[in-house]
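Each of the two complexes below includes subunit A, the first together with subunit B, the second together with subunit C.
This part shows the complex of A and B:
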C-alpha cells in the first residue's frame, strides 16, 4: 500500500516535475549566462532581421525578426553591452536583447531615418532623421521620447536632413545638415532641454560625418564641393574650417555609384584615411594640420575606408562594379599590399575588438566571411540573409561609433 | 484511495520540488542575466578580496575572497568581458567569474609577480614575474601552462625581473627587464613555442612600460637614469631609442616615495603626459617626435598620470605625503585647473568607458569615490576594504591595458 502510494507519487512527481524542469532548463538554455564583450549584430537587410553572432567562436547564436526596413541600418549598443539599438531606414528604433535574442522595444519615431548614436554616459539615444528632418532624443532604457530638435530649414523650406551624427564626450552629439550646410553640436546634459550650438555655411551638402576616436574632432564630408569641413571641439570659438579643399579639382568627377561612408575608425597612426568621392583613390591627411599629404590609388570608388585597431593597415571596399573586391593598404608605405575577392557585394567590414580578424558581409553570396588579419587568409564563412552592416559590442565603450 | 494517493503524491512532490525550485531560483538569483560591459573589479588589498562593481548604477554587486596577497595586484579581462584575471603579488593568477561572483580557477605560477596581460585574440594570458624572473604564458580558458620564457640574467646571474608587460597587435607582448636593461617583444602566435626578439642596452633599470592606444609604441620608464626608452613596433629594425633624456639633470632628485606607473592612457591629444620620477612635475612629450615640449608643475610626486578618454584633461595622483590629493590638468593650456582632496591614500583612478565619471580608491578611508568629470564634484561614495586598483571591463577590447 505504502509502496503503491509512493510509486504513484513518483509517477505524479515525474509527470509534474518533467515539464517544470524542462521549463527551467529552457529558460537557462534560451538565455545562457555569458559575457557580452564578444557579441555582435549582423543586419539582414532584405528580411528585416538581425543575426546575433559571437566573434570569439565565430558562430551565429540567433536570429531576431520583425525589425522592419533595414535597407540602410545602423546599430549602437547599451553601456552594459547587453542591448543593440537598431536604427532602420523606416524611422524605427528597435531595441534587441542580445542575451535572450528578443526584440524588447520598438519605436517608430520618423518616416525616414539614417542612423543614431548613444550619449557618452549611455543614458540617451539620439536618432538622425531625414523626414521630418531633425534629431530626436530618447531614454536609452525605456525609449521614451525626451526631446525633438528640428533641424534648420533647407532651400525647400523643410527641416534639413540630418547626417553624420556622432557622440562627443560630455553628453554631446555632433551632426551635419545636408540641406542647410550646417554642423550642429547638441548638449544633452539635460536631455529634456538640449542646447544646440550652430555653425553655418560650413560647405555645400555635408553628406556624412565622423568623430575622431577621442571625440575631439568632428569632420563632415561634402558632396556639393571638393573638401571636408572640420570642427575642433576643444576650440569651438574658432568655428568650422575647410580641409582637403580641391582634392579632385581639375579632374572630371566620375559618376558616384554609392555614397562613401565616414566614421572614426579611419584614423591610423598620424593620418586620416578618407574616401574620395567619385575618384578611385583614398585621401591621406595629416591628423594635426589636416593638410593632404598623399593619395593612394585604389581599384574603384571607395565606400568604407577602415583602419585596423592597431592602425597598421587600412581596409577599403568599393562601390559597384568593384564591390566584390577589398583592398588592404599598408599605412607606413601607403601602398596597396593585397587585393582580396571574398564574395559578391561586400557591403561592410568589422574588426574584432583588438583586430585579430575582420568580418565581411557578402550580400549577394548570402554569407559572412571571416579573414585572419595576420595572414590575410579566409578563416571561416557563415550563412546570412543578404547581410549588410556588422556591428560588434566593443563599440559600446568607444566614442564616435 | 485515489484521493489519498494524490494527496500523498502532492506532499511528496512539494517536499521534493521545493528545494529543486529553490535551487533553480537561487541559481538564477545568484547569477542574473546581464550584460558585462559596465562591470568592474576593485582590489581590496589587505583582505585578499575583490569587489565586483557596476559602473552604470554605481553600486557594488558582490565580494569574492581567497585571492591571496593583493598588495600589488593588476587585472585584465577575458575577450567576452565575463572573467577577470587577477595577478597577485604572490605569483598567483585568479580567474574570477563576474556573473556568478566565483573564483573559478587559481594558479600559483611564481613566487613574486607584478602583473600580466592578455593577447590580442584573447586566447593567451601572459604573467610577468620577479621571482623567478621571466614571462609565463597560459591558456586563457583553462589557465594551463603553455610556455615559460626565462628572462636574460641580470648582474647577479639570476633571470631579470620583468616589468611593463603590455599586449601589442598580432598576439605579441612587449616588456622590459629591470635587471638586464632590455626590451623584449614576444610573439605568441604559436603560444607553446613563442619567439622573442631582444633589444639590449636600452637604458638603465627600466621600471615600467606602456603601449600606445594603437599598440604601435612601447615606452619604458628608466629608474637608473633620466629619460625613457621608446620602441616603435612599425620600425623594429630601428631598435630602441632614448627619449626625454635628461629631464631632471642638473637638479637634485628628491627621494622617491613610490614608483610611478606608466600605462597607455597617458596619451592625450597630440601629447604624452608622463610622471617625472622624484620630481614634482608631469612631463609633456610630443607623441610624434617624442621631444619634451613642456613640464607641468604639480603639488607632489606623481604616481598615476591618466588622460580622460576624451583626452581633454589629465588626472594625477601622488606619492606620500600628498596622496590625499588629486590634480586635474587642462590639456590645451597645460595648467592645473583643479585640486581635489577626495580621501586619504588615493591609490588608483579608473574612468568609465566614455569618461563621464572617474572612480577613485581611498585606501585609508576604506571607500571608493565617484567623481562627475563634467562638474568635478563628488557623485557617490561606496564602502570598500582598503581598496587599491580599480579595473573596468572596457579594458577587454583595448590594447596596452
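This part shows the complex of A and C:
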C-alpha cells in the first residue's frame, strides 16, 4: 500500500520534474524564466534528498539527491533566494540551485552538525557543530572555509555542542553552548578573524535558540531549569537575563520525548509564544518586558510553536507520542480553537509568505499536507519520502531564519 | 539536585534486570519488531541521531556501548536517567523489548 503510493508519487514527481530536468541538462536557450519567491525545499530525511516545491501552485518541481544524512537538517537561503544551503547531520553543507535543481557544491566540514545561518550581508555561512563543538564560517559563494571557532569546553573537557545559531544585524551570529551554559555573540565583520563575546552562566543546558524578527533579541531555551535566557543586542553591556523563570511552579516535570525547536516565527503581535519543557503548555510572554502573561494548556509536549505571519494564530506540533496532532491557538483569547490530525509524525510546519496556507510534513505517512489557514481545512496532499523540515524562500529576506 | 536515592534505585533495578537477562533476548514477532526499529531510529534518533551516532544524546553505536552492562542500558531505556534529558520509555516498551533493542545496539544489528 505504502509502496504503491510511493511509486505513484515518484511517477508524478518524474512528470513534474521533466521541464526542470530539461532546463538543467540541456540549459536550453528557450528555458522559461521564473522567479524563486514562491519556491521552497522539503527535507526527505531518510533518503538524503530534498524536493524543490512551488507554494503558489502547490506542486513538487524536482528532487535533488546525494545530500547525505539529513536526519536533522536545516536550510538557509542566499540573499537572491536562488540557492539553498542545506546543513546535514553528518556535518555537510550542500548548496542547491533551486532553478536548475542541481547540487552545485558540497563540503564536509564536521562529523556531527545541527544547522547554520547566513550573515546579514549574505556573504558568510556559519555552521553550528556538535562534533567537534564550535562554529565554522564559510564563504557563501565558494563554501571555502574562512574561520573555525571552537566552543568553550564543557565538563568533559571537550568543546561544547553548539545550539540555536541565529544571525543578528551587523554580520553577527548568536548561539548557545549546551555543555558550557553560555551564549556567545560572534562578530563576522572580518570573517577570517571573527570576534567572540562570551556570556557565561546563562542557565543550565541551553538546548536551542531563536532571534526575534527584528534581530534585537536572542533567546535560548533551557533544558536544565524552568526558564529561558534573553540577550538584548541593543544593550549587550547588560548581559544575559533570565525570563519566564520558574514557569513549572515546582510541578513535577513530565518526560520530554523530543526537544522543542525554538527557531521560527513565535512572536505574534505584542506576545512571544514559547514551548514549555516538561509541561504540556505554551508560555506567553510580553515581548518588551518579557514578563509571563499567560500559559495555554495544550495536549502534549510542544515542539514547534509558530505564529502565522499575520500573528492572529499560533500553530503547535508535538513530541512523541502526540506527534500526529496539531493545535491552533487563537492569539486574542489565548485558547486552543482547533485540534487537527493531519497525519502520522508531523515534524514541521511552514507558512506561505503571507500565511494563506501552512504546509505540514507527515514523516510516517510520506506526505506533505497543505492546510488553508482561513478555513483550517486541508487543501492538498503531496507525496514525499519521510519528509521533515519545510523551508520556503521568504526566509532569505528575514533575520533569524 | 539530590539524585542519590534515585541513582541507588536505578542500580538496584539494573541488578535485578541483570539477573533476569542472562540469555539472549528473543526478537519480538512482526509487525512489532519493525515498529520497534522505527521507534529506535526516529524517536530515540530525535536525540541520538537517525544513524545513532549521537546528537544531544550520546552515541548508541556498538563502539560507544562496548563494555557497558546490558542490564544497566535496559534500565536506562525503561526508567530514563534523572538529571539528564533521557526520558523513561516504560510506557511504550516491555522489558523484553528493551532487552532486544540493547542487544541489537550492542551487536550493531540495529540497521
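Assume the second predicted complex is superposed on the first by the 368 of 401 C-alpha atoms of A that agree within 3 Å, B and C clash if a C-alpha of one lies under 4 Å from a C-alpha of the other, contacts with A are read in each partner's own complex, and residues count from 1 in each chain.
Going forward, a contact is a pair of C-beta atoms (placed from the backbone, for glycine too) under 8 Å apart; a residue touches a chain by one contact, two chains touch by 3 or more.
Every value quoted in this text rests on a predicted model; they were computed, and no experiment measured them.
Once the two complexes are overlaid on the shared chain, A:289 sits clear of subunit B and of subunit C alike. Once the two complexes are overlaid on the shared chain, A:161 sits against subunit C while remaining clear of subunit B.
In the superposed model, A:377 makes contact with neither subunit B nor subunit C.
Of the two partner chains placed around the shared chain by superposition, neither subunit B nor subunit C is touched by A:333. Put simply, more of the residues of subunit A are touched by B, taking subunit B and subunit C as the two choices.
By the document's definition of touching, neither partner reaches A:341: not subunit B, not subunit C.
Subunit A meets subunit C in the complex at residues 45-46, 69, 71-72, 89-90, 111-112, 114, 130-131, 161, 163, 178, 205, 207, 223, 255-259, 319-321, 345, 363-364. Put simply, subunit C touches subunit A in their complex at residues 38, 42-43, 45-47, 49-51, 53-56, 80, 85, 87-88, 92.
Note for the complex: subunit B touches subunit A at residues 4-6, 8-13, 16-17, 20-21, 24, 27-28, 31, 33-39, 56, 77-83, 98-100, 120-122, 167-171, 189, 213-216, 234-235, 268-270, 288, 308-312, 331-332, 352-357, 374, 393-394, 396-399.
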